[in-house]
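Could you have a look at this structure, given as structure tokens, before my questions?
We just call them A, B, C and D in the order they show up, numbering each chain from 1.
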Amino acid sequence: MSWAETDEVYQIAGLGGRVALGRRPAVLVVDLSNGFTDPASALGSDLGEVVAATATLLDRSRDGDLPVIFTTVAYEANLTDAGIWLRKMPAIAELKLGSPLVEIDARLGRRPGEPVVVKKGASALFGTNLVAMLTALSVDTVLVCGATTSGCVRATVVDLVQNGFRAIVPRECVGDRAAAPHEANLFDIDAKYGDVVLLDELLTDLRSTIAAQTPAPR
Amino acid sequence: MSWAETDEVYQIAGLGGRVALGRRPAVLVVDLSNGFTDPASALGSDLGEVVAATATLLDRSRDGDLPVIFTTVAYEANLTDAGIWLRKMPAIAELKLGSPLVEIDARLGRRPGEPVVVKKGASALFGTNLVAMLTALSVDTVLVCGATTSGCVRATVVDLVQNGFRAIVPRECVGDRAAAPHEANLFDIDAKYGDVVLLDELLTDLRSTIAAQTPAPR
Amino acid sequence: MSWAETDEVYQIAGLGGRVALGRRPAVLVVDLSNGFTDPASALGSDLGEVVAATATLLDRSRDGDLPVIFTTVAYEANLTDAGIWLRKMPAIAELKLGSPLVEIDARLGRRPGEPVVVKKGASALFGTNLVAMLTALSVDTVLVCGATTSGCVRATVVDLVQNGFRAIVPRECVGDRAAAPHEANLFDIDAKYGDVVLLDELLTDLRSTIAAQTPAPR
Amino acid sequence: MSWAETDEVYQIAGLGGRVALGRRPAVLVVDLSNGFTDPASALGSDLGEVVAATATLLDRSRDGDLPVIFTTVAYEANLTDAGIWLRKMPAIAELKLGSPLVEIDARLGRRPGEPVVVKKGASALFGTNLVAMLTALSVDTVLVCGATTSGCVRATVVDLVQNGFRAIVPRECVGDRAAAPHEANLFDIDAKYGDVVLLDELLTDLRSTIAAQTPAPR
């Protein structure tokens, strides 16, 4: 069965509804650390366009005072905290706490007030206090950027909807080391977990959302 | 980039290691409820062969006294507990607590001692006490069967490895409503989260593991 | 060191701040099932006044369209899902799914639209999808009632603040089987996790909060 | 009702069972960072004897090759990750990532291979990947040391039993800034969540457990 036939089956099954923007969005940049954005590193690939598109979304979001949160995967020197995942993906052993590989790509211009959540698994919500941060900020919608689409982005989007958040993935802001898994996972995300949209569409929608922002309760 | 080229890129990135069977496996049957196994239901598809293969694994596992756990997705009548997921997958509204659709497919011969974990999200570990059950049983490896490969099976396997469990997916024991996402997700699982194996291989490997079982501590 | 001297030490340490009501409160009624409110049951005690005070808060909250959620502890017949907790508290074995002991006390007049979250542990957030429900409802504040203060109420309040919610405990709406742990845990809660307030105060504060309610985004 | 009468009520309710040592214990040292062990710091108190008793348990455990894990509470400079807890406990603002206050007390002689889990909440299991680490190490029992008894130790023990682990608290190895909450929480822990034991008893019991250790599966 081809992807086109799959679309048809899914329509009959009533999949692919829209979550749409809520009232208080935040931007979550998943794993755009040097280890993933430098094509020379084992886990890296050429994500130059993804970084550029994400930088555009970040600029607009900062202007609108939306919260911006980064994640990075990083482990202790002896990898005790890498668990079973290390068996499947031995290359994560490179991502040591304190190494330049786990720093956020400088092209994203991270500001001092923007937290970096250190994670050990695929999902940005697993083994982190990201849910607590989003809840304390009254966020209801998360704009998910980063890498890889078939790995940490997908896992993060699944966990977001499970936890009651709307997840929106601007297509140009996520990337992967190979095209086939990238497309297959965008398909799954859009059918079942979050909205995959064009960056331009999202930027347009954000304008009115940002205009309607009221400060979170003190 | 084709799937074959993807394989090559992944090999260079050092993905696709093996987790292998640990000491104490359990079988987890994800969402083989009537709502998913009856092709006439909105979320259902023809999973006859998946059910048959899973029944074979269950027989062997019960003989070896391995723990067997089922999951089902089920919601309250007013769907308050379905959250944002309902927007993406309106068809889950059919899966009401108490309805025959949420009962485990009778062909699997569930025994009274085998728990059914009621879940509300994609992963069998999200919003459930499955981790606590597995830990209390000293389980270190989970043999994951069920549906759908691109939905709850994938999400469950990701959460298992994140939580420190080895996940093994016997290929014949998982199924989906469409072939393309099924294959794409088996690819991702095997590359990054758990081992996808042939049922026959697994049954052979299980023999020695079962022979070496010692009772869990009291 | 007495409790009065403790107060002084805590003040120096800067504990005991206020979380205060946020914008969207919900009422969470923890474990006021027959198993806990019937003094004749093993885990029960005389909670008549707690039930009456909780009913008052529920009436006012329903009038104001605040979400109301109940929890109950309930296990499968063979207790596979009770885990290690069963060793410490063998009496929980009474709380079987389907038994009248796990039904919500009828004096609370639970309405059909008000969900009952089935939990297996002490915290209402552990092994449940309560966080997802609260987030999907845009709740930022949880008014915690129920039993026991030194058990499930305390554990729930700790998990609420950890997850980014404001927890408020109306003193008359929580109870325990013994006075000493009841008071000791109200002290800890108020010093470190949530606000312990008088029901009358809370009812007054709720009036303006309810008046300011706007519907959650669709 | 006095604490002695409480004991009697609890006995009737069938509380206070024993979890006992399992097969693979690990030592978890909760928040014995300088911020808590230095009486001059806002959150600190005189924990010299607690540190000394913990050091004794650590020596014995290292000799027996038991896993040793530390936790520390630490926040980003702008406290975005401190959430609602900051309102109740403004003094946690002192615990900044990179500050000497969040380093483990040097008297415990932490070794390079012993991980420090950075946490943001009370429980060592909340917002961390500690469960994954324990599971990957096949640990079934956690020996909990640290501070404060009425805060992070209590919350950690509750989460451990909820997650299916046996928690054992050597009385001399935990401490608090005030005696009344310390004793009240040891009472609750022993009645409902984990075993409170004397350090000497534990050291004796550990001897045979350590002798029976077999390496975790590779």
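Convention: a residue touches a chain if its C-beta (ideal position, glycine included) is under 8 Å from a C-beta of that chain, and two chains touch if they have at least 3 such contacts.
Note that the structure is a prediction, hence the values are computed from the model and not measured.
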Contact-richer chain pair [B-D vs A-D]: A-D
Repeated interface matching C-D, over half of the contact pairs identical, chosen among A-B, B-C or A-C: A-B
Centre-of-Cα separation between subunit B and subunit A, whole angstrom: 25
Gap in Å, rounded to a whole number, between the CA centres of subunit D and subunit A: 34
Between subunit B and subunit D, centroid-to-centroid distance (C-alpha), Å: 34
Of all residues in subunit A, the ones touching two or more other chains: 83-84, 120-121, 126-127, 129, 132-133, 135-136, 162, 164-165
Parts of subunit B lying in touch with subunit D, wherever the complex brings them together: 22-23, 129, 131-138, 140, 162-165, 217
For the subunit D and subunit C complex, residues of the former touching the latter: 1-3, 5-6, 9-10, 12-20, 42-43, 45, 83-91, 120-123, 126-127, 150-151, 154-155, 158-159, 161-162, 164-166, 177-181, 184-185, 187-188, 191-194
For the subunit C and subunit B complex, residues of the former touching the latter: 67, 76-78, 80-81, 83-84, 112-113, 115-118, 120-121, 126-129, 132-133, 135-136
